[in-house]
Amino acid sequence: MSGHHIIPFSVYRNVLLALLALTILTVAVAKPVSGFDAGVFNFLIAMGIASVKAGLVMAFFMQLKYDNKLYLAIIVSTVLFLALLFGIVMIDWASRAPVMSTL
Amino acid sequence: MSSAADRSKNYLNEESGLWSWLTTLDHKRIGIMYMITVMFFFLIGGVFALLIRAELFSVGPTVVEGAAQYNQLMTFHGAIMVFMVIIPGIPAFLGNFFLPLQIGAKDVAFPKVNLMSWYCLIIGAAISFYSLFFNGADTGWTFYTPYSIETDNGTILLVLGAFVMGFSSILTGVNFVATTHRLRAPGMGFFQMPLFVWGLYSTAILQVVATPVLGITLLLLAAEKTMGIGFFDPALGGDPVLFQHFFWFYSHPAVYIMILPAMGIISELITTFSRKVIFGYKAIAFSSVGIAAVSFFVWGHHMFVSGQSQLAGVIFSFLTMLVGVPTAIKTFNWVATMYKGSIQFQSPMLYAMGFLFLFTIGGVTGVMLAVMAVDVHFHDTYFVVAHFHYVMVGGTLMAIMGGIYYWFPKMFGKMYNEFMAQLSFLFIFVGFNVTFFPQFILGAQGMPRRYFDYLPAFEPLNRVSTVGSWLIGIGFLIGLYVIVSGMLKGKKAPDNPWGAKTLEWQTSSPPPHTNFHEQPVVTGGPYEYR
Amino acid sequence: MFWVNKAHAGNTFMPPQASNFAESVDTLYGFLYYASLISCILVIGGLIYFAVKYKRKTATDKTAYIAHNALLEFLWSFIPFVVFLVVFAWGWKVFYDMRNAPKDALEVHVVGQKWNWNFIYKSGRKSGGEFTVPVNTPVKLIMSSRDVLHSFFVPSFRVKQDVVPGRYTSLWFTATKEGDFNVFCTEYCGTGHSTMLAKVKVVSKAEYENWLENDPYKGLSLAEVGQKVYAGACIACHNTTDVKKIGPGFAGLWGTDRKLTDGSAVKFDEAYVKESIVNPNAKKAEGYENAVMTSFQGQLSEDEITGVIEYLKTLKK
Amino acid sequence: MSTVNKPRSEGGHAFHFDNAEHEFETSKFGIWLFLCTEVLMFGGLFVAYFLFEHKFPETFIEGATYLDWKFGAVNTAVLLLSSFTMVLSIYYAQNNKTKQCVNMLFITLGCGFIFMGIKYLEYMHKIELGLLPGEMFSFTGEVGASNLGLYFSTYYMMTGLHGSHVLVGMGLIVWCIVRARRGEYNSKYFTTLECVGLFWHLVDLIWIYLFPLLYLVD
């Protein structure tokens, strides 16, 4: 019964603690709160921590770690499609030749 | 449990009464409900189309009360045909009925969700039509901003209706992907699936992945109309072209939601009526999935002159060319399947050949439109109108009609009137070409689409086109007669009148509630005509 | 590709070639046209040939078991692919030329609005509904919209570009033939979409200079512009006194309440006058049920209409 | 076919599945597909966010200063906790402990209420100040960046859509509580509980990204 995998209570507890700790970390390294400034990396750090948190939720709370890998493929391809939408619109916006009025 | 007594019971007479239909969880009954719904909407959309053509018969106002009313007709014709007819047409109607049968399942994975999906379509359609009480909508089915934000009428209801109908599409998609993955009969691997299932499966993936983006786009549009959130409003920092990106990110794959299952039907029809194994099974199967995947990368070919950047245009034009390849492969494979076959000209086969004829023209004109410099001239002219009607009507609708006749004996256990069905085909096929071929020429000459009125120079060809639309109208009326009379008083049909090989023909006609009298076991490919 | 271009004129249904792009677009289109024709003949011809040749003869016909053929399948994937790449690159090249105007092009500003086109020259010359350009001179249009999306399309020039509110878009061409050519709006913009037409007049360079010089409104106040417009457009049906002609006389009307045919009343103000010029039969005044006025939409520029309004203000009883 | 008429909590299954395990796996697959559509729907908003953030960086930095990160941080913790109690309710169901299962669901529901309560306070505060989306933006204080209304459009659209999902999730949890109290969930059957749980985790997941994106922009 692969789908009925029972994960020990302690795992859930540890994941929750890790998630809360990461939340505190997010706030602690945020420039508007603590003044910590890593320049261009600020955004990447914030997104990185969020992604680690998301990974923990998916792996343990949503049991992806133990489940059919097809589900993981579904989510990953979903995110790729979104990246595609963002990427091409960004290309469009960034490469539009501005036309100015000459009056 | 396959006693003779069992055979008298089928999904049609298992229960009776309207209520038993409205609350049914049987995929076959839901399929029939979709059939009736879609045919009803098709009639409304078709009447609108005839009115549009009648208006364009002569220069100046004719039957329609002014441009405002014409624009409403044009909008509702588009919205009805896209959201209520062609998108649910094959997957939700024929797919619902035959996907489980073709893979040897007893039902779809989530019967309740299946029924909910039908109600979503009905509710969404009701909301859309409700907009008619608020002066309707005149934005075209594409809802381009900022016009759709400024226009003051029931547009928002049409938008919300489309949003709800989107849920119908999503739920059907989820259901079909899960069904295809989990409910195949023992022995049926992915490469033993009939090609119609491959088409539906690819379509279902598109429905799941593309439709939510339409959902959020329409929500944003509704928020823009009610609260002025400014995403698409340059005065507030937004970008009207962004709406087009969002819209076509859904609506281009939606075009393949419409055509992929049609291609699946054609694969079935050509093998059965040529009594021959399909040529290049894997190529056709993979090209379905390939088209589905690449279709997400090409939306910007609707926007070459929209003000998107040149670089974006080049990327989209290139990727669009890639979609052409699998489509070409399929077409050649179908023709090759007929080579050294034993071809029988029953009406489903006539529709399949009609499909090949019209879809080829629709396809090559599609390539023309993907070439940037040429598209600059053709964009938003009647050339585009002709092109997509050749694909959507000449392709999808032909396939639906062919599919209905092909599976009619299975669905109702009765035969239809073959002569009348062929007559109907003749009217539709000839009428279609008379209607839409002149529109290629009109477009090349520069007549823009969505025009209530036009220059006198365009009149002769418009007249031809309008006359053609009457022929199509007659053809579909005959078709309606064939279907209704067949349902009411057709001769009893055998279980497998065409000698086809796929699983749905192995059960009785009409099938019992649980589809098969014994669990079918698959031992080979779907088209083993040896 | 001379033969293709030659062949196009009679067979491929394109409008007359009147710009520098027309020939290159038509050559490419001609290639596509014949390539498409050939593939249609192959597919549809094959379809019909097989249908006739392999028609079912007996109920138990045996058929060949041909599941696939690697060479054939490779060929009919690869050949279309190559053709597609060729037309893609070719289309790109022509498109590139269309989108990159020469630096010294003559610039004309185009303003789209529901539902007319207005043109503004650098000299200050304005015109509505039609504009004049010299032949054999690169012209760059700098376009903007006052309301919704429009699209500027000249079939004979093979150029088209959407006009987007909130920013400028541009297109360019060199007209190669003198004459009048149609301009269409091809992006759906509402009720008047199909009447949002204009003309481009291509004239010789000398004529163009002459036209530019002789601005009929040069140095005039708005009311004076209005008077000129009145003398050309309105005088046939409207008096400057309060005497009725075909339509009402204008004197003393400004600011009064007008009774309409449907019994309601409307103030004779800027909005009403403008509406009556653009859409004359929407709100007819009482007593003029049977009078018919043609819309001046597209005929008069925005400024001319404003001029007329200013002029009407000056007409006292 | 003998299992057909058995209730699910005793290991029965719908007629078109082979067995209960088959049904459970299929339901889960369906729910994952549905989650994928949810991700895409929010994804559209995320894409819009990134695009506009890229176009008007100052606007977004200034916009975020009108938000109180403490509210956001507390809400993050609340949702994480609720996700934790949600998995525990499944954990107890798997171990046939109905009472604890129900209790955990109640805590999850309570967390939902706390989240929405805080959201309500935030919204009220902003509406009073006139920090409204797009053209309704009527803030009278000193404003530096242009198009601040656009920031609040993204804020309200994203948190609004998220909030509506929290509400739907809470409704589903109430339904689960009713069924759990009837003793329908046990080691043999907890499919709906699992599916609602997956939905609830997704709502949590989205908030994990919304929090830094909206409250901590720099």
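Note that the chains take the letters A, B, C and D in the order they are written out, and that residue 1 is the start of every chain.
Note that a residue touches a chain if its C-beta (ideal position, glycine included) is under 8 Å from a C-beta of that chain, and two chains touch if they have at least 3 such contacts.
Note that the coordinates shown come from a computational prediction; the quantities given were computed from them, not determined experimentally.
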Most remote chain w.r.t. Subunit A, using mean C-alpha positions, is C
Whole-angstrom distance, CA centroid of subunit A to CA centroid of subunit C, is 48
Chain-centre distance (mean CA atoms) for subunit A and subunit D, in whole Å, is 15
Whole-Å distance, C-alpha centre of subunit B to that of subunit C, is 33
The distance between the C-alpha centres of subunit A and subunit B, rounded to whole Å, is 37
Where subunit D touches two or more other chains simultaneously, the residues are 25, 29, 33, 36, 40, 43-44, 51, 55
Expected list for subunit A, residues touching two or more other chains, is 70, 78, 81, 85, 89, 93
Multi-chain touching residues of subunit C, meaning two or more other chains, are 167, 169
Chain-chain contacts, ordered by label, are A-B, A-C, A-D, B-C, B-D
Seen from subunit B, its contact residues with subunit C in the complex are 66-68, 71, 138-140, 144, 146-147, 150-151, 233-235, 239-241, 274-283, 304-307, 310, 313-314, 317-318, 321-322, 324-325, 328-329, 331-333, 335-336, 338-345, 353, 356-357, 360-361, 364-365, 367-368, 370-377, 379-381, 440-441, 444-446, 448-455, 529-530
Subunit A contacts subunit C in the complex at 98-103
Residue set of subunit C touching subunit A in the complex reads 107, 109, 120, 122, 142, 144, 167-170
In the complex, the residues of subunit C that touch subunit B are 12-15, 21, 24-25, 28-29, 32-33, 35-36, 39-40, 43-44, 46-47, 50-51, 54-57, 61-69, 72-73, 76-77, 80-81, 84-85, 87-88, 90-96, 98-99, 147-149, 151, 153, 155-156, 158-162, 164-167, 169, 182, 184-195
Within their complex, subunit D touches subunit B through residues 14-17, 22, 25-27, 29-30, 33-34, 36-38, 40-45, 48, 51-52, 55-56, 59, 132-136, 146-147, 149-150, 153, 156-157, 161
